[in-house]
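Chain nomenclature is as follows: A, B and C, assigned in order of appearance, with residue numbering initiated at 1 for each chain independently.
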């Protein structure tokens, strides 16, 4: 609610109507002889939806009136930030050797799930894109598609030397020298490969970053 | 029913790497398939032509991220053939220990992923947890969990640390206790049997004609192992069996690899107990400024099959003129369309997993 | 080297290897294979035993399928690898065959021209040859006539370079940086507008591929 309400004009209603002209609200039967039939389920649901929207808009308008929006943001943002950082879903995409160390982080010895990090195969449900291997020219559209399929907010961690700068493949004709040529990277983990504890540390740092920066909105293209 | 092409990959939980299996399905049955690889192609063979042997050596670890030392050892053996150097016996025994530990670690990765693809998530937790014990041994010996950079041309980098032998023997005892647990979990599971028996059958004639090697070929029935055919290092002095299957289905690939873990544990024990004292580097060996003008084809038993290196020296520089890496999984993955017809969509992870893909070695 | 009826080194003298094949090893098999290859006059120009389990034969490229079929029936059932080596004068196509029963490897070398590399495909002998041939096509540009699916396998489909040819030069990131700095220094020094193109058109661009994926123009000799 904190960030979503910011863009909206404080006095407007969601459907654009004036506060009195709510659809479905009447003072009496429209025509003589028409019975006051109670509205059917769909009408109730539709008006419930609008009721909730209306209430939200009303509260927003009220908050804007008394200028406690920054205060509300200050309370709401950490709550959203906490829920986002405590349940990061990472994309199950292993490119190369660092993917082995990424896999180890989910395994019993290091157990990323105690940090809330779980791995999911579908990018549509993920927040975190771990680039963990060298990127080749053939892979570039694949990674861009995966990144674009992820909904906002999303973060990118570049794991390993190959994702930071191309790694040991500096004279390869097919390797792209760094993930930040394609994606906006939040955290870089050096190492070839980094120890899985380093990835765990990076996940902690990412959590701190989310706590500090709050929920992210908007698409930044690097 | 209309048929359609479904794209399984490049990002897919069962592929374990970036590759693409396009399948044309009629309902649930697969009519045709195509494999698309190359998403991880770095041009390692071209890079090798621009680097000296010592500078190229650490890159061999990255040739297969699951079985690193087996490619570095193969490369050093190829260079040693070219330069006609023999490493001392102790170094050869140490290399055998590292190779067999690497084989166990690689098969545990495979076993975990195989079970996980079928939904048997306990297997991946157990398998990778036990692999950590072997990676601890590697850390102790070489300093790194993966990417050891341990063999050198003429020997190995360092001798065994004092506690290594005891810890390794204890680890092998631990593995021997775990293997029956894996058999209990997977082998006696009806669901596992239903999902692997009769799935992805590859008859022996077809396997040989396609060029499949290693566990894929052994599962199809041929008792073939490069360590027995062309013994390298000290394998001719060690005693081990080569497990085979009968039908070449997913079940046989599982039993073959599980038995290989057991055999590798026994090999590690034998090598550690019979290791002679001595140097670990060929005394007085220095890399020459110029590689001799010879061609070498050196084969070895990678956990995935027959890995080989074709190395051409040109007699003028200390860089290889041509380095060809024969990857077993390259053949296995491109061979999948030849035996997947008639399988169902839900069998695809089992078939993909049975080939044990390691994409860095496929795409090089 | 292309099919010339040079003197055949039949295996009977066994003069090429250092030691004769070990007793109990594949010696008898090797002699038999050498005998069979020796019968193919003009096709197999040199066949020899080069090590305890290694043999070598140079084959005329137009008869490669026949020789491969003969060797497969003689026991070399496994095509271990099929690759190429780019020499100045020629392009050699290498076939590495392994016999499971007799435990011996034979290396066949077929020399074809670098300018128009074409050779018959051996997929009729081994189905799996297709995979190696696709890679050889991808890396070297060799066209294998008769290969069922001769498309690029490792590089992106739309590329038109053949990277493992010696004419394709790759420069490392350090060299690229030095080159750019050197060019900048040169351009800065020669402040007059007619300065720069002294070094440019003399050599083809060395860059293996620009970051946006456009491949470099092919070097000389690649088809």
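The criterion applied here is as follows: a contact is a pair of C-beta atoms (placed from the backbone, for glycine too) under 8 Å apart; a residue touches a chain by one contact, two chains touch by 3 or more.
Computed from a prediction, not measured in an experiment: that's the story for all the values here.
Asks: If you connect every pair of chains that touch, what shape comes out? Choose line, ring, star, complete or other.
Replies: Looks like everything touches everything, fully connected.
Asks: If you tally the C-beta contacts, which comes out ahead, A-C or B-C?
Replies: B-C
Asks: Mind checking the centre-to-centre distance between subunit A and subunit B? Centres are C-alpha means, answer in whole Å.
Replies: About 39 Å, centre to centre.
Asks: Can you work out the whole-Å distance between the CA centroids of subunit A and subunit C?
Replies: Roughly 51 Å, centre to centre.
Asks: Centroid from C-alpha atoms only, then distance subunit B to subunit C, rounded to Å. What do you get?
Replies: 25
Asks: Where in subunit A do residues touch at least two different other chains?
Replies: Those would be 138, 171-174.
Asks: Multi-chain contacts in subunit C: which residues touch at least two other chains?
Replies: 155-156, 163, 168, 170, 172, in rising order.
Asks: Two or more other chains touching the same residue: where does that happen in subunit B?
Replies: 38, 41, 43, 46-47, 50
Asks: Subunit A touches which residues of subunit C in the complex?
Replies: 155-156, 163, 168, 170-175, 208-209, 211, 213
Asks: What residues of subunit B sit close enough to touch subunit C in their complex?
Replies: Counting only subunit B, the residues touching subunit C are 37-38, 41, 43, 45-47, 50, 206, 208-213, 222, 224, 229-230, 295, 297, 299, 306, 308, 310, 312, 321-322, 324, 326, 330-331, 334-335, 338, 363-364.
Asks: Mind listing the subunit C positions that touch subunit B in their complex?
Replies: Checking each residue of subunit C against subunit B gives 53-54, 77-81, 83, 85-86, 94, 96, 98, 100, 103, 105, 107, 126-132, 134-135, 139, 152-156, 163-164, 168, 170, 172.
Asks: Show which residues of subunit A lie in contact with subunit B when the two form their complex.
Replies: Against subunit B, subunit A makes touches at 91-97, 99-101, 103-104, 107-109, 121, 123, 133-134, 136, 138-139, 142, 146, 168-169, 171-175, 192-193, 195.
Asks: Can you list the subunit A residues touching subunit C in their complex?
Replies: 137-138, 140, 166, 170-174, 176-177, 181
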